[in-house]
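Here the chain labels run A, B, C and D in written order, and each chain numbers its own residues starting at 1.
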């Protein structure tokens, strides 16, 4: 159906054969709407797959027990060790001034667990280096390590958030 | 024209969207690079005869729809399922993971509807006599697919490791064990031991998520290819029509598109069933406790279960043999009933099939009620 | 009397709704009477019509078949729709009793709905196929008729159970699912006949009206036949009603019979109903021969008036049955003036629209569908 | 307990209501939307070069429409009313006494739309085209007004707004917070259904006309596809906060996948709603490939969507039938504020137990089930109690009944400790191991000691 045919008809009478271009526009718009509806109905799948918020590692009491390190292993100045808490890595050591320190051992660069090497905390993956205050002093790490509050209670070591609650 | 590109086949030009549009341009670019037009033309040839039984042709596609739902929901469930902690991980899915209960229920209901669709597909092709030469292998691959799907259901049923699934699997394999010769050997192989244990889950899980899907996809490909090559079978009353009275619809352009609203509806039915009748999770399987009251196999295994009850004690073997014979007769039917148009033997086969179907339904309903 | 007191103590009588009546009971009763009378007319028209259709089919009387085929689905739809308001007002007035009796026969009460659908669908199936594909149409009509008759029977059960709370507890204990009817009611049979048999009269009058219009539009022969056939049906219906009424009076408990026959309003209503029926019969006899529309319309009005008297009397009798248990005047009245006004206005608007449509377009439509081609 | 409870095995009385209602709701919405379709199509036909062919289609449309909406619509409408009387007499009574004149007005619209439709249908060959157009518009307006009325009563049950038993403020109850969004949602649904019904009828005419009609009918789906999310959101925010909580709790499974039904139904409605849009797209894209079966399948998909929506609405009210006023099992909220009343021996407050239900007997527990639970729960069918109590111990059951209303989806238990023991014994006995109430009480006493 050409444009001439159309103009030959009285203006107020529509053409029996549907206008192709109008039809395509309509289908396009409807297709867009259908895509939006279909997309929205995938939301449950998205929620199914999206991770649930991780539980607070320090729990209700605000503290977590340190695994694989006993108080005796950090009794002397300069002693320290890699251990774990709530499914994460931790480094606990006693510095030269006799202070007990703890850092979450996850490297701020790419997430490897750094190793306690006495004076420094060293990451074997890309050579990131931190000093005993957790400050990044060499290699790729962009930020200092996360420091934790550490204390002994009834023969066990516990860590807590620096500023958080938790008996200690 | 750059000679690295081939021209667009003229017959393709007719059915492509105008070159001005994005899709039209893209498809032409594709055709100039890869000579896929013969493949498209090959699939485009498929057509569906139009007669009073055309509706039955939709069943295969419907079963495939449910299979697709199974693949997607199955993959989703695998994200959280742990064969080492079967019950605990399913419980986590249904009580902790957002919409986990919904997705599991969809998987459950779609499995049931797939089995139902296949039953109908099997019997409709049987009564339309689509198994006759030259389509024997299409029929056999179809039967193979049906068997695989039943094994799918059987293996999937064990995975939640609750009371029901444990006893159902134990009973199912015990029946298999009674088969002469290979029975005990196969049962041990399936169970991974003398009894159903967590080890059995490992095996069933591997079957359920890798072996069976691969087999189904391969066999389904062959099944569909056979149909594509030979065309859809025509029942006698249609084949007898004079040529000018035979009417066809193109398969992909018309028949399949016309089916889409039906698929949408059936997908809605699955959702509605999942919403109204969510699949529950019974207590974790306790291998020491008594089987729960009123335990029964799923409906698609009910008919043999109920039929076996008719053969008490030693006679059970006779019953199993008879059922084996009935199932086996489906395998040989294309080689017995060969005449087109149907002859006396063909009619007899149809009547026997009808009797079998009635028996199946009666046994299933009886099993449901008892 | 002591037996009655004991009965009262045992009867589990629900309390009336805490909201009270939304209008004076008299008004609600009046609306119920009016709409119930209309409902009965539509019901009698449809049920009676189905019987006449069945007879016409058996006699291969094509013009009658055509008329009833078209008319019955219409009659049925008004029978259903006009059934709503009386049930609505009964629920306002006697809700706590009506709901209870409905629950007690719940299994059958809900059966009314599928039966309605079945009957309605069959009447339409008959209308749409009786010319092009005649096969089982007689069966359609027969099944539809049976369904309608059974619905009427369920109604009679419910409304008699409503007024006999003494039977409730035993019924509920035995059938918590409500798969039971009120079969121990002695007035059942006559009461049922009394409501069903007027169907012949109403359907007959409708057929006579058709005849009157046919004669007027120049189809003298078919018009004459239609009036003659219709009159036979009217006579059957009238006689049936009198038999039913006599049976009802005979089976009533003594105190109810005294209530009806002992003078006052009930006796007046009874007398008026009988008089109206007799007058209607005479008028119908006149309309059988006479040309013109006046006699037949007068006969219809007279019968309708008689029916209205029966409707009022029926409610009075219910009040007498219920007197020991419940009185309408015990329920507080909180009049909803605004809503009453809205309802009144909608009613006026509806009637106005109906009149406009009747004047503007009804005649050619009726002429097209009533006259046989 | 004012009224006896109708005990329907397997289905339960609630599902009987639902089955009838779901059928009715589809048809009643179609009955209104179809009016709009007729009116617009009459006008459209008059602007086409071949109006007579379009009108021949319309004649077909209105024949199917008339039979379908009257035979299945009007009757199931009465059916809903019958079934709610049986399933919940207390609530029905309250609604009837509050809204009787609203219903009476709605009845006037019923008679009106029926009559106008008959004049339209039977006057097909005798009325002028102008009159037909007027009648079609009139039909739509009257039918829509019936929605306007019933919508007030329906939304009242979920969000009674400023209405209370004491003030009986009918305007506040009628134009309640949920009224307007629900009205708009239902209007969109009506238009959609009219379009889908148009598809069905269009598959019964010649191919070239079929293509045009489908193109025309597809337009009726667009308003809903576009605006439904908007009005659904408005509706959502009109709902009480308890409903929101219930919905959020339902995202993860609760109690073995039973309590989160509301969430699942909302998704059923939404996803099948999307399927309708997709199906419309497919049908509009390939009108000639559309079969009658396919068009009916899409209409049936709409039925599923409405099932989801209406079940959502019903679930959103839990545990009430009239929110904040009357519980689903006929218990009034007001007296339950004073816990004393609930602690009395149960049979003192009900009239419907038989004499032989002596305390502690098996019948005691059974009759408590019948009168308090059976309006929602069957024994082993829909919302099966046997399944829900499969893992009960006496101690757990007793605690559960004491805290019955804590989860926000059940009414409080009525009765004293003896009643609880009787019910727990009855429910545990459902699993093939009969237990006497006295044993339950003994177990409880033993557990209480340490």
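Going forward, a residue touches a chain if its C-beta (ideal position, glycine included) is under 8 Å from a C-beta of that chain, and two chains touch if they have at least 3 such contacts.
Since the structure is predicted, the reported quantities are computational estimates derived from the model, not experimental observations.
Colleague: Set subunit D aside and report the joined-up groups of chains, separated by bars, or one piece if nothing splits.
Modeller: A, B | C
Colleague: Taking all protein C-alpha atoms shown, work out their mean, then name the chain whose own C-alpha mean is nearest to it.
Modeller: Centre-most chain by C-alpha means: D.
Colleague: Starting from the mean Cα coordinates of subunit A and subunit B, work out the distance between those two points in Å.
Modeller: Comparing mean C-alpha positions, subunit B is 42 Å from subunit A.
Colleague: Roughly how far is subunit C from subunit D, going centre to centre by Cα mean, in whole Å?
Modeller: Taking the mean C-alpha position of each chain, the two centres sit 31 Å apart.
Colleague: Just the number, please: Cα centre separation of subunit B and subunit C in whole Å.
Modeller: Computed from C-alpha means, the inter-chain centre distance equals 56 Å.
Colleague: Multi-chain contacts in subunit D: which residues touch at least two other chains?
Modeller: Residues 251, 267, 271, 278, 285 of subunit D each touch two or more of the other chains.
Colleague: Identify all positions of subunit A at which a residue touches two or more other chains, and write them in rising order.
Modeller: In subunit A, 44, 47 touch at least two other chains.
Colleague: Multi-chain contacts in subunit C: which residues touch at least two other chains?
Modeller: Touching at least two other chains: none.
Colleague: Among line, ring, star, complete and other, which best matches the way these chains touch?
Modeller: Per interface graph, the chains form some other shape.
Colleague: Dump the list of chain pairs that touch, please.
Modeller: So the chains that touch one another pair up as A-B, A-D, B-D, C-D.
Colleague: Show me the residue ranges of subunit D that touch subunit A in the complex, using the header's touch definition.
Modeller: Subunit D reaches subunit A through residues 47-50, 208, 211-212, 215, 218-219, 221-222, 225-226, 229, 251, 267, 270-271, 273-274, 277-278, 280-281, 284-285.
Colleague: Under the stated contact criterion, what part of subunit C meets subunit D in this complex?
Modeller: Interface residues on subunit C, with respect to subunit D: 12-15, 17-23, 31, 73-74, 77-78, 80-85, 87-89, 91-92, 95-96, 98-100, 102-104, 106, 109-110, 112-113, 116-117, 120-121, 124, 128, 168-169, 172-173, 176-178, 334, 336, 338-340, 342-343, 346-347, 349-350, 353-354, 357, 360-362, 364-365, 368-369.
Colleague: Applying the document's contact rule, which stretches of subunit A touch subunit B when the two form their complex?
Modeller: Those in contact with subunit B are residues 44-45, 47-50, 52.
Colleague: Under the definition above, what is the set of subunit B residues touching subunit D in their complex?
Modeller: Result: residues 55, 94-102, 105, 249, 253-255, 257-262, 264-265, 267-269, 271-272, 274-276, 278-283, 293 of subunit B touch subunit D.
Colleague: List the residues on subunit B that touch subunit A in their complex, please.
Modeller: Going by the criterion above, the answer is residues 76, 79, 96-100, 102-103.
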